[in-house]
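Labels run A, B and C following the written order; every chain starts at residue 1.
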Amino acid sequence: MNMTKKLTGMTALGLSLFASLPVWAQEAAAEATEAVAEAAPEFAAAVDTAFIFNTLLFLIGGFLVFFMAAGFAMLEAGLVRSKNVTMQLTKNIALFSIAGIAFWLIGYNLMYPGDAWTITGYVGTIFSPKDIGGDADLATGYSAGSDFFFQLMFCAATASIVSGTLAERIKLWPFLIFTVVLTGVIYPIEASWQWGGGWLSEAGFSDFAGSTLVHAAGGFAALAGAVILGPRLGKYGKDGKVNPMPGSNLGLATLGTFILWMGWFGFNGGSQLALGTAADANAVSVIFVNTNMAASAGAVMAMILTQVIYKKVDLTMVLNGALAGLVSITAGPLDPTIFGAIWIGAIGGVIVVFAVPMLDKLKIDDVVGAIPVHLIAGFWGTMAVPFYTEGTSFVMQFVGFASIGIFVTVASAIVWIVLKSTMGLRPSQEDEMLGLDKAELGLEAYPEFAKG
Amino acid sequence: MNMTKKLTGMTALGLSLFASLPVWAQEAAAEATEAVAEAAPEFAAAVDTAFIFNTLLFLIGGFLVFFMAAGFAMLEAGLVRSKNVTMQLTKNIALFSIAGIAFWLIGYNLMYPGDAWTITGYVGTIFSPKDIGGDADLATGYSAGSDFFFQLMFCAATASIVSGTLAERIKLWPFLIFTVVLTGVIYPIEASWQWGGGWLSEAGFSDFAGSTLVHAAGGFAALAGAVILGPRLGKYGKDGKVNPMPGSNLGLATLGTFILWMGWFGFNGGSQLALGTAADANAVSVIFVNTNMAASAGAVMAMILTQVIYKKVDLTMVLNGALAGLVSITAGPLDPTIFGAIWIGAIGGVIVVFAVPMLDKLKIDDVVGAIPVHLIAGFWGTMAVPFYTEGTSFVMQFVGFASIGIFVTVASAIVWIVLKSTMGLRPSQEDEMLGLDKAELGLEAYPEFAKG
Amino acid sequence: MNMTKKLTGMTALGLSLFASLPVWAQEAAAEATEAVAEAAPEFAAAVDTAFIFNTLLFLIGGFLVFFMAAGFAMLEAGLVRSKNVTMQLTKNIALFSIAGIAFWLIGYNLMYPGDAWTITGYVGTIFSPKDIGGDADLATGYSAGSDFFFQLMFCAATASIVSGTLAERIKLWPFLIFTVVLTGVIYPIEASWQWGGGWLSEAGFSDFAGSTLVHAAGGFAALAGAVILGPRLGKYGKDGKVNPMPGSNLGLATLGTFILWMGWFGFNGGSQLALGTAADANAVSVIFVNTNMAASAGAVMAMILTQVIYKKVDLTMVLNGALAGLVSITAGPLDPTIFGAIWIGAIGGVIVVFAVPMLDKLKIDDVVGAIPVHLIAGFWGTMAVPFYTEGTSFVMQFVGFASIGIFVTVASAIVWIVLKSTMGLRPSQEDEMLGLDKAELGLEAYPEFAKG
């Protein structure tokens, strides 16, 4: 029996003390520690356990948020007219793919600049992508790759929001180039202010999973685009009449909403960022419940309101009500009681029902209702945080929301204007009337189904 | 080195004994325990590990069962005619949303009454929703929130079953009001008899994941509704002829079935209720395998039978065969061998093929085949338990099934009749012919696709 | 305090040594070990932890790969003409169901023959299905059931690949009988060569998650079938003109691609086969990231190339580009850097754009492009392994690919030829023109949507 080996757990100080003991006392102590040593393999597993749980949360959360890309694609494909469905599908799979590459190449570094909070520092990080493929670093508490995977999905979600608003009237390539800038530069910079340890987080702004950072940001980018792009041909008559352009496939739209709802469990739950303790597991559970409750409340509220106001329940409002409930709870899904989650989500549903026609009055053409759902409900969710979360303030929440809003809107507007004045944003009127599928892609989504 | 601090693991008794030792012996013992103390953070993680695993099982199982709401929505939207698709989608997202609120507000308390097994006790729990957002309670072994999340999804699934049977001929609001009662009161009460520690569980009834408690219960509520509501206009000719009314989109119906199949891994696997030991992980694995095998067998059996009987494989029967296989194994997915799971599931497939036309003979109009799939295969699954599970009996299984059947049928019938005699259940004949989408909602699911 | 009980962790040697100590020294040592003893329940949990994590990886990976069955179904249903959609859906749910039973009954044993590497041994294992329902065996490190579940999904995926290529012109039953042989015999044998510890694994072939074993194998089976079956009527004009037969529902096709993409995280990530250490969790994370990056790169590359070559982005090429990127990275998703994953995936995208028209020149009619995506990109992925994985060689990779290719092609061709010469593979020309849905199944997927 090698006594020294058995006692490797002891400190140097302890060892010298130990050496001064008589032999038989050393033996007694050695015997005692043997039990520990024999349990060593289990100790090794336990050392890793929290790391594995944390990583697993990012991976499960990540694939759920990944699936939101499919949710956005189905929602948008269902809410555009059939002549633009192929284009909408193309934009959605393309924007997700582009986001992956742009976020890796530029965005991830911008978002976590470490000490490089200067212009030079920012520039220095560009095109020097972090290596996330190294060995497991137990000290960080989770796998670097799992964090990258999870963060990427949030970046891509931001871009997905934009595509819905601008549907049916923007050419493919300018949209994709905008996506490169949004996912590679604009989102990572504003996200770094909070999640990268930047000035907003230091100032006390609170946005748990991104009501502002993801949803409102996507909404602002969409809003800037919608204003610069203008509405679809024929959407707003000269007499002020709003012409409804109903979605072509509400089955897909509903499927998309359910997929987004499911993905949101990963979106909000994964944003706990840890699963390695019972307290974390409990927190993730509370987040799942609150997230679900807010969505339910948003949907029910939209259902009741459309019944009361229009005497008919409007499915698209119910779908957007659920989504607005989800966006509303995203800034603070952990702290509210269930009742809190319900009323926060319900107000999200109210927002949708009133904001959708309001945008039409402003002649801002938002094809899928993304601005009410993501921007306005995102504002509401951000402002609702101080009701339940200690250490937050309405003022600071407003400052955070406004700062990100101004930055994203201005940056997006510049990119949209540059694209408009160079390659142009809109197809010709003939192409738009014909539909982008035939005009730009030469491929119809439903080539065999006669148009009624 | 603070010796006292290092020895905090010791009991008070131990400490007094320790104090009586000479100093150098104290030092020896202290050194020995230091190794343990240094490992303390890992100990802390290990304490939580089972709690985290159990909670994680509920959360993963829960989001999979959540997704079954999408599965039901797609299955039903695909199996109704296109003029009622928006309505079916609306009902599905609405019922899920309502279930969330009703189960929280009333149902969850009714389902776990603790000591309140009297009428007064029941009433007392209503409108005093349990708080599930507190700190993690290690003693329970899982997060209260994760349990609520998981249980809610079962409640919602019960309501989803009803919507399919009654499709195409029931107005939106009476259906939704029924949903409130079903998810807030009827389901929680019958579920409490078994899963809330009530009389059925004490009497030895066995229903692992809910062949009776969820599926047959949903089926009974649907059956009561179908009888009271009557068949769709034109479904049964005066000459006894059954007019087929084929579903409008078998792509969505198949997608819905696959989603339900996937969700069932969470439904049955999560019902193990624990993942904190190797034995539990092993049990969940066996459940996954048996669940999959029963579904496969049900589908294959329905395929072979429709080929033999009708000389043509019937996709809708294959889809329902898979679902019937799933329902059949749900009462006891852990104990059968794989071969057992296969024959249990296969008989589920047989049931579907013979029960669907049988219901038509009885002029019970079940639009999606939910009664054969959920009620009759649920009966079969419940009765099959004693073949593999020790301590169960055919008599007790029958008693449990019949008790729940009678309670749910009577309670549901009362609600349906009250709704019928007050606000009415059916739209006008004109509205039904026109389709509920145009008549009640003013929104078509496929507005551009001409009807053939 | 029972000292002996407290010291059960000690060895016999230790105990005799301990007994020779004076009482008060014994007491000191006993106190020290008490801390360990008190922590005993947590120790027990830790023993199981790795087992649970490993099992959980198989279960999560397994249900994700399960969902790929839905992905294939949607992709194929979207890419065939509406007159063959019900048939394509039927084939997909049927093949998955059949795979489950055939793999259990025969395949799983063939795939892991243990010592039975002779013809007699092989035959001996047939129809003597392994029992996977026993108690947890901690020594294996994971639940046997979870492994079976995971492996089954790979087998089924192989069969899913075949159905897409042969769509719109093969009768249901010969296809299903082929599926029985493929999933029960052909796939398990070739997979045993590598994953069952067979000669390819011993020779140093490397195929992490199955670029060759699953994807190319499915592609070879499809290729043999396509050649023997011949192209769809009217696909290739006598003047050499290729008649486009556009898919009927690109929404479903895109959904299918997103589902497959998500499922691939389970496919590749689960193939790490372990999650019980931080190193494994880290590896799974890297695999998730690389898998996602390869898909993104494949999609982007196909998008750019179709724009450059055809002046129009082709959505079906983008979808297949993403899938080809996924197949390409599947042989070695762990070792490449992110940049490596990107260029490996991008070449997958290139392959699709050039191989699809090439097959048409050879008059091999591959309805969904499965041969480029799974066989050719699978070849590329297999050959790319030595760029990043130590201990692999281009020669051995080629030998492995070619061996499996020859075996699967020859075995499949024999089965196809036997089926052709007995029950026949193709429907009559009239039936094919009418569409298999009406002709063979009597059930249309979209009965109400008029054909344009």
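Here is the rule we use: a contact is a pair of C-beta atoms (placed from the backbone, for glycine too) under 8 Å apart; a residue touches a chain by one contact, two chains touch by 3 or more.
Values in this document were obtained by computation on a predicted structure and should not be read as measured data.
Visitor: Mind checking subunit B against subunit C and telling me if their interface is mostly the same residue numbers on each side, over half, or mostly different?
Guide: different
Visitor: If I superpose subunit A onto subunit C using their CA atoms, what angle of rotation comes out, to the nearest 5 degrees?
Guide: To map subunit A onto subunit C, rotate by about 120 degrees.
Visitor: If you average the CA atoms of subunit B and of subunit C, how many Å lie between those two points?
Guide: One centre to the other, that is 29 Å.
Visitor: Taking each residue of subunit C in turn, which ones touch at least two of the other chains?
Guide: 25, 28-29, 32-33, 36, 42-43, 46-47, 49, 56, 60, 249, 255, 446, 449-451
Visitor: Note which residues of subunit B are touching subunit C in the complex, please.
Guide: 7, 9-11, 13-14, 17-18, 21-22, 25-26, 28-30, 32-33, 36-37, 43, 46-47, 49-50, 53, 56, 60, 64, 81-82, 246-251, 254-255, 257-259, 261-262, 265, 269, 275-282, 284-286, 288-290, 292-293, 295-297, 299-300, 303, 307, 312-316, 318-319, 322, 337-339, 342, 446, 449-452
Visitor: Inside the complex, what are the residues of subunit A that reach subunit C?
Guide: Where subunit A meets subunit C, its residues are 1, 24-25, 27-29, 31-36, 38-39, 42-43, 45-49, 51-52, 55-56, 58-60, 62-63, 66-67, 69-70, 73-74, 77-78, 85-86, 89-90, 92-94, 96-101, 104, 129, 131-133, 135-136, 138, 143-146, 148-149, 152, 172-173, 249, 252, 255, 440-451.
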